[in-house]
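As written, the chains take the letters A, B, C and D, and residue 1 is the first residue of each chain.
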Amino acid sequence: MIKRRAIGLSAILLIFGLLFAGVFLLHPYGEPDYTLAIKQGDSFYQRTATDDYFIERGKMAEESGSTNIVAAILFDYRGYDTLGEATVLFTAVAGATAMFRRERKGDEDE
Amino acid sequence: MNIMEHIAILVVITPLFGAFSTPFVSLAGKKAADIWVGIFSGLTFVFSILLGLKVLRSGIVIYTLGAPEPAIATVDYNGLIFPVRILLEVDALSALLALVISLIGFFAAIYSWRYMEHDTGVEKFYTLFLLLLTGMLGIVLTGDIFNMYVFLEIMSISAYALVAFRKETFEAVEAGIKYLVVGSAASTLILLAVAILYGVYGSLTIAQIAHLIEVSPSPLIWGALALYLTGFILKAGIVPLHMWLIDAHPAAPSSISALLSGVVIKTGAYAIIRIFFTLYGVEVMNRALIGWIIVVIAVITMFVGGSLGLIQQDLKRLLAYSSVAQMGYIALGIGVALIAFNTTAGDAGLVGALFHLLNHAIMKGMLFLIAGVILHQLGTRNINEMGGLIKKMPITSACFIIGGLAIAGVPPFNGFVSKLILYEASAMISPALAVIAIISSALTLGMYLRVIQTAFLGRAPETLKDIRDPPASMLIPIVILAILIVIFGILPSLPVDSIITPAVEAVKNQASYLSAVLP
Amino acid sequence: MVFGIETGFGYWDPLIWVVLFVLMFIGGYLIAKYAAQRATPFRADELESEIFLSGWGETVEKDLRFPSKHLYWGFRKALESAWYRSAVEEHSGILTTYIFWIVILLLILMLLIAFGGAM
Amino acid sequence: MKMSEKPYELSVIVRTVARLLFGLILIFGFYVIVHGHITPGGGFQGGVVTALAVIMLLAAYGYEGVVTEVREKILERFESLGAIMFWTLGLVGVIATATYFADVLYKGTPGELISAGTIPLMNIAVGMKVASGVAVLVIIMSIGMYYSRKYQKAEKEGAEE
């Protein structure tokens, strides 16, 4: 058992090392990055294209009209995800109440 | 409003509305909740059929959430055209999975009417049941990796709660907690993979990421692939991460076991297929290496499931081990298809994997429903306490024998056809694989012959006197599934030509998946 | 209606099997019927001595059932030390074992795919 | 100061302050929910703030004191109502011949309270759902604590006898 614990621990350390090494392959934080410029449509796709789109168009009245961009993304652009997240909470509550229901029929509600 | 235009989203939101409204409907009594869950799972089934017909008729269906028109998936941003909103992308593979899920879900719902009659909190059960259905349908229909994660969470959390639903038994609570811990670990790995892909490419749409990976593959995506694979191997119940399944399937109520084994683990297999063939694409990856990894895992899975199933005394635990073995067959097909992509062997591997997926959902769904009947009527799951059931409950026993022989690959049932295709496909790669697959099939036959010999034939013990076939609402789903098994066995070209081959074409044709979204 | 399927390598026709099974059933039924006609009927009062099964007394009716673990006994015994003992030990139901395998599989896949996944 | 008769309650100062703050926290929660589309915040955050009012009552009065006032059954129905509302607001887009979750209502001037189409309404629905959902979860947790305390007490009394 001790041996197995040692193997598991060293495996976790190795995984952490690999993931940490992966951080250096990411683009630098906070700087626009032009290594990923791919021709798409009439222009070049950047890694930040989606973010730029949200920031620029999200506030405009014809798109969402919300000055809080987080709310615009949450309820307009990714509203379906928000419905899913709300459902996750609903599921958790339904599951928890199912675990705390009364056990037999006819028991008094406590 | 035209229903056919919105059919893709209706498949997901119909059971969702059913889940939200069940707490109110159940105020009118259990009968009303029964009918309500029947209506909504039935509607979902009808919508899935309509969606499948639409996909077969007019190709890939795109549904963009929040756009002025469902088909407008992209935005024009300073001349740059890319997808921003969440979109559902339904090709023939997704439609096949949605059809299987809603079929088994509908039958399990009808079966639950009488099966859950002795339990309390049935309205909670129905709510969670419909949420489980929603989660699975959301996973298979979406075209967005984060949305897939969200629905994976809905599916997983409702499955944890449903496994532990019979909390009066200690076994159920223990199995639920174990499933919760390992399932959350897997979900975390999947979320990390989504985060890596978003960090590298700045997009969440499957088609867009696939296009970007094709153009400029970054070394980071291979880490994401490993994380994805580990997470979905756990969700699919493939060795060595199958152990939650062995605990969870026996402990859950039988209609939930049928759903878990029939379709929940299949969504893991679906996600693996989608990630390999669509998200990454076979062109950029080292197909031979990854294919052989999958094949080796599949071979181990088949042997572990078959050999350990042989020594089980608990009927539902035996069925759970059998599920592990059959997931090995599906994984074998996927692995062979990766190694020999776009050759005869590879196509046959995909046909075999998807046909076995369909067959196993039907067979194992039916077998778990029958195990539930036995538990409901006899009050035991121990095989040694059963005997001579064929004289007491002839219809149920006949269905079990059909299902057991079919899953073991005995002709002329459907399991044989899909296994035959898999044997031939794997023999083209390496004859040793086919030999192992056949040996594992013999092990499966062994475990089902044991159940049939001990529980159904033979002499009934003194304790089983007033046993008879279950009520009609429990019997009809079982009989329909058994009829499907026989039909698919005698007329295998019927499902293969109509739904399996389009799905295989959809899996192979990554370019059409991409061009449906991107300009 | 097309019975059968092209598997890519050959042709599989389930109808032959169905016919074969039907013929086997009919044959078995005929043999059983013939045997029932020819056999001398068994009569209990003609027994000269008690039933004696190689040293054991007459079996009680409930002992006539034999539990499922007796089937495939040889197979299990042969693989007992080589496979079953360790495999059953591994399926102990202890949660840390499950997590251990997640970590191990993740590490193996990461090493294999991260350094060999790209074309 | 004399200890309370009920051992699960906190001191009279805490109880009084909790009673006074209850309405204020509710109002602040509603403010965060309703102004979700123009200020930082929104349905999730405001819902949790609203649920904090119930959590505070639970801390001050204990499970036995609160459960007579706040029934988790009613809160559950309230949560379902919020979920149905959110679902139906998504359906507005389908009825208005666009797609599910399309924002088709009056957009107004960005920055005003009545603007941004369905976003404020969705905030309210999510706020309802999150507030009642989190409150139910916390009440359930306190039920668990209540019973474990009860069993511990029974065990201790059994050991003393």
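In this text, contacts are C-beta pairs under 8 Å (C-beta built on N, C-alpha and C of every residue); 3 or more make two chains touch, one makes a residue touch a chain.
Quick caveat, the model's predicted, so the values are computed rather than measured.
Chemist: Looking at chain pairs A-D and A-C, which one is connected by more C-beta pairs in contact?
Modeler: A-D
Chemist: Return the distance between the CA-based centres of subunit B and subunit C, expressed in whole Å.
Modeler: Taking the mean C-alpha position of each chain, the two centres sit 25 Å apart.
Chemist: Can you compute the centre-to-centre distance for subunit A and subunit C, using the mean CA position of each chain? Integer Å is fine.
Modeler: 47
Chemist: With chain centres defined as C-alpha means, what is the inter-centre distance between subunit C and subunit D in Å?
Modeler: 56
Chemist: By residue number and range, which residues of subunit A touch two or more other chains?
Modeler: Only 18, 76, 79-80, 83, 87, 90, 92, 96-97 qualify.
Chemist: Enumerate the residues of subunit C that touch no fewer than two other chains.
Modeler: 99, 104, 106, 110, 114 - these are the residues of subunit C that touch more than one other chain.
Chemist: Tell me, which residues of subunit D touch at least two other chains?
Modeler: 76, 80, 83, 87, 90, 100-101, 103, in rising order.
Chemist: Pairwise, which chains touch?
Modeler: Every pair of chains meeting the touch criterion: A-B, A-C, A-D, B-C, B-D.
Chemist: Can you check the complex and tell me which residues of subunit A touch subunit D?
Modeler: Interface residues on subunit A, with respect to subunit D: 59-62, 64-68, 70-72, 74-76, 79-80, 82-83, 86-87, 89-90, 92-93, 96-97, 100.
Chemist: Give the list of subunit A residues in touch with subunit B in this complex.
Modeler: Its residues touching subunit B are 18-19, 22, 25-26, 36, 38, 40-54, 56-57, 76-81, 83-85, 87-88, 90-92, 94-99, 101-105.
Chemist: Name, in rising order, each residue of subunit A that touches subunit C in their complex.
Modeler: Counting only subunit A, the residues touching subunit C are 4, 7-8, 11-12, 14-15, 18.
Chemist: Write out the stretch or stretches of subunit B touching subunit D in their complex.
Modeler: Interface residues on the subunit B side: 1, 6, 9, 13, 16-17, 20-21, 23-24, 63-70.
Chemist: Show which residues of subunit C lie in contact with subunit B when the two form their complex.
Modeler: That would be residues 1-10, 12, 14-15, 17-18, 21, 61-62, 64-69, 71-72, 75-76, 79, 83-84, 87-88, 91, 93, 95, 97-99, 101-102, 104-106, 109-110, 112-114, 116-119 of subunit C.
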